[in-house]
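Both complexes below contain subunit A, partnered by subunit B and then by subunit C.
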Partner chain A sequence: MSQTLTVALPRRATVVGFFQRYGVYLAIVIVLVVNLAVTPNFFTLDNVRVQLVQVVPVLIVALGMALAIGTEGIDLSVGASMALAAAVIPLYIGYGVVPAALIALACSLLIGLANGVMIAVIGVQPIVATLSLMVAGRGIALLVAGEQLRSVTDPGFLALGRGAIGPLPWSVLIAAVLVAIVAVLVSRTTFGKQLVALGGSRRAAELAGLPVRRILLVTYLLSAALAGVAGVIGTARLGASVPSTLGNLVELSAITAVVVGGTPLSGGQVRVIGTVAGALLLQLITATLVKHDVSDAYSQIAQAVIILLAVYIQRGRAVQR
Partner chain B sequence: MQGRWTDNKEVGLAMHHSLRSRRSLVALTAAVALSGAALAGCTNTGTPTSTNAGGGDAVQQTVKPDDNGPTCTLDQYGGTAIDLSDAVVGFSQSEKEDNPFRIAETQSIEDEAAKQGVKKFIKTNAQSTLSKQVSDIQDLIAQGADVLIVAPLNSDGLEPALKAARDKDIPVITVDRKLNATACTDYVSFLGSDFIEQGKRAADQLIAGTGGSGKVAILLGASGNGVTTDRTKGFVDEVQAQAPGIEIVAQQTGEFARDKGQSVTEQLLQANPGITAIYAENDEMGLGAQAAIIAAGKEPGTDIQIYSVDGTRNAVEQIAAGAYNGVIESNPRFGPLAFATLTSFLAGDAVGQDIVIEDGEYDPSNAADLVDNAF
Partner chain C sequence: MTAIDPAAGPSTSAQVWRERLAGLAQTYGAAVVLVVLLVVGSIAFPAFPTASNLANIATQSSFLLIVGVGMTFVILTGGIDLSVGSQYALGGVLAAYGSAWGLGGGLLLPLVVCVVIGLVQGAIVAYGGLAPFIVTLAGLLGVRGLVLALTGGGSSTPLVTDPALSALGQGGVAGLRWPVFIALAAVLVGSVLLLRSRGGQAVLAVGGSESASVLMGLPVARVKLTVYTVSGVCAGLAGALTAAYTSSGVPTVGVGLELSAISAVVIGGTLLVGGRGNLVGTTAGVLLLTVIQNLINQVGSLTSSVQAVVSGGFLAVVVILQTVLARTQRL
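Right, the complex of A and B next:
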């Protein structure tokens, strides 16, 4: 009588699930290892700082985008919110850094408000509502700025983009705090639970008596406010308010970061840390391509391949479910 | 009202719903308008605003001498002689006016139209959309334009509009971007800069400034744009021919935008700490590079030199301040030259098919004196 030995092979679904859940972290490790091997000066403190500083605007925008996507929505107007915040800064910087930044945030909140009202109250589809503000918002920003680029020279304001506490740049610190706040908001607060429930099934949320409209309104306000913060930081970093180009196509980078980070476009889940990792991955890939002087055409193709992979992984998850 | 609706609960609810929506919408609109008005009333820029957007009476364009290329006359093109003071002049601008070049270009043409006292001046802006430019030009023709000045968005794609003008024998002068079409047949003349020459002159400035050695990074313009191709070709060929000691270590696109120029430069400075000079294909990217150099803890203008093409006020001011090294001008003030060309053409004289403009240049020796020429 022979003894049978059973070996617990991991089931295929488990393996796939692992990649879906942790693929983005694995990809970051791969990119880092590749750079360790082939890119000079990659593992220096200065370079780490550059990558972190550069990822900040996309990351902050992606946090808001993750919330919108979590409700099974989307926010295409984030670039316009950034542009509007940027356009307003030079007009009010004379009052000081904090008042100017607050007014800029208030202006981007107006875009969030318009989105929220259209989506929550009138019932316009998020993609349509935010698309209209994506176009109109930048137009308004250009009008506010008088279609002019303006330099911002206030030293306090420039420090926001270029200064640091010890080794940590201000902008990175702000981003870290915002990540923490959004993470707590999603996982520890009633609002977060309601948001996820709403994204899972709007009908069920309505039947359960959740304040659906308020949740949607607040979500788009948050998304616009976060984009506004990104606009203020982006302006501080440039030392100039450039509403015509600041935040161009940022919505696509943000959506990619969110999706690559494991948040499904079908809503009902928000992965905050995954979103951070997604944004970092995109940043590292761009950095690698630029540092190796890869021509623009190839780097666009490379980025497309990454997005395709992310979408493929999303599809896998949907099938599994 | 209550009595009328109580028997139909659903309608009552709907009514209530829409009333509430409308009320909150009205309130929101009011809030938006009020806060907008409140904010607009009390801006504080903290700095005196400069008002040289259009560069009204700054230097005008001069035609480059010894231009003995093919010419075009009214007889060859077809059409009728008309005095400009009796003519409806249409101007089709290509891109959104959110950059200094376009603002100065439109301003210059508009000013000159007023100065010449044309019967009527109509301008359109295609907002960077090719199909809109085609319909813009057709609209201008429909509105009775006798002559057209067109800043083409693209070298190709305007054929339907050009044909509409051709059918009515309306003279078309193109400015700043050249069409892939036959001069004196599809359009009269092209007025513009020689972009290859601009790249070459930027290379000459850079070679002189760096002593012909060092590592250079190029910030390219938008991919697939003829201006990018020409400014790159002129620069790279000249560097290879004149300064073998200069190594071009990177060519990356900054998409003509300041923030892209900044982030790309940050990456390049990290990867190649030995970079000694940067050539940017427009001023905006050059200024972005300047911000990146400052962020890297180096002195722009001395540790790392910056050269670019455009001639915007912001960049020229930086040269005067010693934090930027050279700018080759790409003159946007086409108004006087365009109308001078039209006047002689309509009077029956021969005009050049390719009228290349003499662009100025700014360096530390003249920037402070010429800053008012910048746009």
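Right, the complex of A and C next:
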């Protein structure tokens, strides 16, 4: 039956649909092939590792962003959550790696809680609610850190950012586990189904008796927690807590990764693997441009064009429906 | 907006008053808080109410206010323009380059380029049907890239060579610099257009209900195209005036300016969903942000982090109040 349906579809629609579904993977393949041809030493183990390690913070933040966007929301405060987590680390690293990391996560959860209460309980629009915390959160992080850069020298903590098991860096492993958890959360749990339903139609979700407020609250808590993890890993990689710059503009990269990965801004869908691919694609493009000494200026312009193209292709999907 | 909702049922006079009060608070809330802050600031800090300090506040506000005027128009249609910070920087850099051809070149070059950028973004939003957030996010990245490309990766800072252009930024009358008057003119012209012209009413209608506007036969696409162009012009003008004021086009200015502008517009009582708001509110919102910054500087021991916390917290309080008030009106 599904076969006849496919045949019955107009040809153009299938082509467009194919690009919508697999465009980001296709783009990754193209970038890889191009690099195979023009970039020496691109496919070395070292370079692959470097690329993976570099994509980790944006990727982890993008996972939470995908959830927020899935509810037809957005989370601009992720950079502030990262900064706050980073600011707290040097204060508590004396108690050990795990307690310090947990306290850092708890602090970023506070930002998520503030977002969640404003959005879910009071009903403020996500973009302004998280904008206010984006501004205030970084200020708080700077105050907590006493407005200075502090180096973190705990070897166990640094291993989190620089260590590896065999060929696999710890940070990449953590990111992989988080991707798996979020993927299962979205596709296999009640919460995931409710989140997608809420994003599809809030009114319908309310009428169906879904716990709309709780879903929204948990979504923004998750987004902040994931950003906190990214902040901890970023700090471990730098070997220093830099709340003034860590996570600056990460919200833009994360949103881009999510959208390029095929999750529509209008909510009702969360594509976790697409988000991973989106983050990887952006990283690969940046790396390619850097390796060929293309200036930052043109790589930003290239990113802008890619965002527009990705969203333009998706718009086709909305029209079909 | 909701007063004529037939589902609301008969309203008692107490309800009517509460609604009216909520509406007033939403429109004039920022202005009232501003007056309170000015009074408290004057009492607490003797250096605050001096003529030179107030003139300083006016100058600092003027650039953000010009950007805010354009942003208000965009937000009134239910859209958003994240590219203004980058366009502001571009405006400054181009004004400095253009000043080689005199005052005309220094003003025309940034304005023409920003008109083109605004038109492109507006066309993609209006005719391409893409979300304004994404289109202008791409604009934020792309235009900043353009600025970097023009200035050798942001390493060179072109200087304003034309004395007339510098005079436009630094000169003035009655202790106030020209940018202040230009900003006030922008508010005045914008308000008249918004409230008294067909196009301005169309902006409010599109933001109020886009589908209804289409059914009424309003040129929705043209309205959207226009507001993004206006926003681009405003950002470019503000950038050019900043360059005139500082005698140089600094390529790294304006990062995060879009967020300040959005904050000011929202604090001024303009709803982010569109259809409701005004430029007087935006003026109050901009002044509030600048006065908060100035007061924190007066304290002396406080830093820009405290300022960030206060500004962010203030925005949160305002949007929470707005949401609660809007709910009161709906009842």
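Throughout what follows, the second predicted complex is superposed on the first by the 311 of 321 C-alpha atoms of A that agree within 3 Å, B and C clash if a C-alpha of one lies under 4 Å from a C-alpha of the other, contacts with A are read in each partner's own complex, and residues count from 1 in each chain.
Here, contacts are C-beta pairs under 8 Å (C-beta built on N, C-alpha and C of every residue); 3 or more make two chains touch, one makes a residue touch a chain.
Every value quoted in this text rests on a predicted model; they were computed, and no experiment measured them.
**Q** Overlaying the two complexes on subunit A, which is it for subunit B and subunit C: clash or fit?
**A** clash
**Q** Quick one: classify A:Ile122 as touching subunit B (first), subunit C (second), both or neither.
**A** In the superposition, A:Ile122 contacts both subunit B and subunit C.
**Q** Taking the superposition on A as described, I'd like to know which of subunit B and subunit C A:Leu133 touches: first, second, both or neither.
**A** In the superposition, A:Leu133 touches subunit C alone.
**Q** One more residue to check, A:Val218. First (subunit B), second (subunit C), both or neither?
**A** neither
**Q** With the two structures laid over each other on chain A, which partner does A:Tyr312 touch: subunit B (first), subunit C (second), both, or neither?
**A** second
**Q** Given the touch rule stated above, what does A:Val242 touch, subunit B (first), subunit C (second), both, or neither?
**A** A:Val242: touches subunit B, not subunit C.
**Q** Touch test for A:Ala183: subunit B only (first), subunit C only (second), both, or neither?
**A** In the superposition, A:Ala183 contacts neither subunit B nor subunit C.
**Q** Quick one: is A:Gln303 in contact with subunit B, with subunit C, with both, or with neither? Answer first, second, both or neither.
**A** Touch partner of A:Gln303: subunit C, not subunit B.
**Q** Of the two partner chains, subunit B (first) and subunit C (second), which one does A:Leu142 touch, if any: first, second, both, or neither?
**A** The answer is both, since A:Leu142 touches subunit B and subunit C.
**Q** Counting only touches as set out at the top, which of subunit B and subunit C does A:Val258 meet: first, second, both, neither?
**A** So A:Val258 meets neither subunit B nor subunit C here.
**Q** Which segment, 238-246, 256-264 or 274-282, is the subunit C region that clashes with subunit B in the superposed model?
**A** 238-246
**Q** If you lay the two complexes on top of each other, which residues of subunit A touch subunit B in one and subunit C in the other?
**A** On subunit A, the residues that contact subunit B in one structure and subunit C in the other are 114, 122, 142, 147, 295-297.
**Q** For the complex, which residues does subunit B have touching subunit A?
**A** Within the complex, subunit B touches subunit A at residues 21, 24-25, 28, 32, 35-36, 39, 43-47, 53, 96-100, 103, 220, 223, 249-253, 255, 257-260, 262-264, 266-268, 270-271, 273, 284, 287-288, 291, 294-296, 314.
**Q** Touching subunit A in the complex: which residues of subunit C?
**A** Against subunit A, subunit C makes touches at 80, 124, 128-131, 133-135, 137-142, 144-149, 153, 259, 262-263, 266, 272-273, 303-313, 315-316, 319-320, 323-324, 327.
**Q** Where on subunit A does subunit C make contact in their complex?
**A** These residues of subunit A touch subunit C: 74, 114, 118, 122-125, 127-129, 131-140, 142-143, 147, 252, 255-256, 259, 265-266, 295-301, 303-305, 307-308, 311-312, 315.
**Q** Applying the document's contact rule, which stretches of subunit A touch subunit B when the two form their complex?
**A** Against subunit B, the touching part of subunit A is residues 39-42, 44, 46-47, 50, 53-54, 88, 90-95, 103, 106-107, 110, 113-114, 117, 121-122, 142, 147-151, 153-154, 162, 234, 237-240, 242-246, 248, 286-287, 290-293, 295-297.
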